[in-house]
Amino acid sequence: MEAIQKLAPHQQQAFMKEMEAMQTKDSLNMYNNLVMRCFDGCVTSFRSKSLDKSESSCVEHCASRYVKMTQRVGLRFAEHQAMQAAGQQ
Amino acid sequence: MSWLSGGQQQQGPDPVQAAKVEMEMYTDLFNKIASSCFTKCAARRHRDPDITLGEMTCTDRCVSKYLETQQRVGVILQKANEAQLEQQQNMAQMQQRLG
Amino acid sequence: MEAIQKLAPHQQQAFMKEMEAMQTKDSLNMYNNLVMRCFDGCVTSFRSKSLDKSESSCVEHCASRYVKMTQRVGLRFAEHQAMQAAGQQ
Amino acid sequence: MSWLSGGQQQQGPDPVQAAKVEMEMYTDLFNKIASSCFTKCAARRHRDPDITLGEMTCTDRCVSKYLETQQRVGVILQKANEAQLEQQQNMAQMQQRLG
Amino acid sequence: MEAIQKLAPHQQQAFMKEMEAMQTKDSLNMYNNLVMRCFDGCVTSFRSKSLDKSESSCVEHCASRYVKMTQRVGLRFAEHQAMQAAGQQ
Amino acid sequence: MSWLSGGQQQQGPDPVQAAKVEMEMYTDLFNKIASSCFTKCAARRHRDPDITLGEMTCTDRCVSKYLETQQRVGVILQKANEAQLEQQQNMAQMQQRLG
């Protein structure tokens, strides 16, 4: 994270503003990608216009497992970044 | 996209930018539906330039099932967001009491 | 479409300008993605440097079917958005 | 990319932005060719760090077939664009006559 | 490359500045995509936390073959653009 | 990302932009890890809303193997960059001598 650490205080303020906009966009992207991934994985037949019982529980389980998985990846990822940063000092 | 405003109450981005991001997301959603439904309904051997009646019906049902999926996944994400927010608030209160 | 509906008249003008740029970019992206999808789906052997008869008709049919399909998705998508908007009033 | 200017005659975006978008599209095209041709010509077991003569020839042919595909798909999109424009114009005239 | 050829001298300077930023971003994107492609292709078992001998040589060979392949695609791509530009004059 | 600064010594982009690009790349890296590891560790039949102990252990190992892969690929790209730079310098010197 060299570029971020090198920011002067007044630049950090502008950077934070950019982060807010990026976070909103990123979570919308994650939402669109998750819908596509769970739809592609769970919905394969088109005899009717609405999801049957097993398709709806499949897409809901797929979404909730993906959220839990992403939280765990977040923890491990942060640990690795911390170890790497410590390693470099 | 209303599940989003819940967590991040800030002074709010510039309205034209917010409208632009919303349009980008609708375009992305539309492109994803077209891509998924083409793969599921019409991507066999491309023997002729037209889509059959069966492929048209499949497409109509695919669009409606895709949008239903989007709606259900939105509810799951909103609940997960609220659960996470609550967890953060409990942790903050706990730290105050111990602080 | 909450953010778009909330735009004041003078903001709508700026928004339309952004839309023009976005539409150009989006149709170029759609073009690049369609070429890749039809190439991946239709071209599998590389004994010669140019497409044989069946490969060229495959990529052309793939493109024209994708265009027709996208038009139909556009109609259904607009109907759903209208129904949803009506549902919310 | 000339098939594009047909439909959208507007006062025209700022030239530097237009050049930037064009470069982004060429870069995207290049990345897609590299990705598709790697998958089709060289993505087996990676036993050594070099590409074989056969993989090089496959790559050359893959690039030229990809660009031919791009050209043919461009013609199809241009025809579809023109057909759609005509349809819109007919509808507009019809509405005027009935209006 | 019509839009780029039409740039006036002072516009070319601004364009070059944009190119620098784009090139940095593009090579970071290529790096992230290459890591994902080689990881997905080479790493399939998770009995341990680190890559075994065959997995590490697989990801390294995958990366070095992709770099060599991209260089070759670059040459052929440039030849085709030159032929097309010559064809149009 | 340090392998990057080697080749392109320019007056340097605006620091806030550089920090933004760096954050975008970390977010992209994170999203790719989540996506790859979900596919490899948890994408079977989604019978219930939770991830099993086995899937959690698989995820932890997947993250660490992914980051090791990123590190090894970075070294390969840095070497390729340096080799290319050297090649360009040799060619430039050769042209001067022949010039």
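By written order: A, B, C, D, E and F. Residues from 1 in each chain.
The definition used in the following text is that contacts are C-beta pairs under 8 Å (C-beta built on N, C-alpha and C of every residue); 3 or more make two chains touch, one makes a residue touch a chain.
Here the structure is a predicted model, which means the values were calculated and not measured.
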item	value
Least hop count linking subunit A to subunit E through chains in contact	2
Farthest-lying chain, centroid of Cα atoms versus that of subunit A	D
Repeated interface matching A-B, over half of the contact pairs identical, chosen among A-F, B-C or E-F	E-F
Between subunit C and subunit A, distance of the C-alpha-averaged centres to the nearest whole Å	25
Computed distance of Cα centres, subunit D from subunit C, in Å	12
Subunit B-subunit F separation of Cα centroids, rounded to whole Å	27
Shared-contact residues (touching 2 or more other chains) in subunit A	38, 42, 59-60, 64
Junction residues of subunit B - those touching two or more other chains	1, 21, 24, 41, 60, 64
Chain order, ring traversed from subunit E with subunit F following	E, F, A, B, C, D
Complex contact set, residues of subunit F against subunit A	1-2, 15-16, 18-24, 26-27, 30-31, 33-35, 37-38, 41-43, 45-51, 55-56, 59-60, 63-64, 67
Subunit B-facing residues of subunit C, complex	1-4, 6-8, 11, 14-15, 18-19, 22, 26, 30, 33, 37-38, 41-42, 57-62, 64-66, 68-70, 72-74, 76-77, 80
Complex contacts: residues of subunit E adjacent to subunit F	20-21, 23-25, 27-29, 31-32, 34-36, 38-40, 42-44, 46-51, 55-56, 59-60, 63-64, 67, 71
Of subunit B, residues touching subunit A in the complex	1, 4, 8, 10, 13, 17, 21, 24-25, 28-29, 32, 36, 39-41, 57-58, 60-62, 64-66, 68-70, 72-74, 76-77, 80
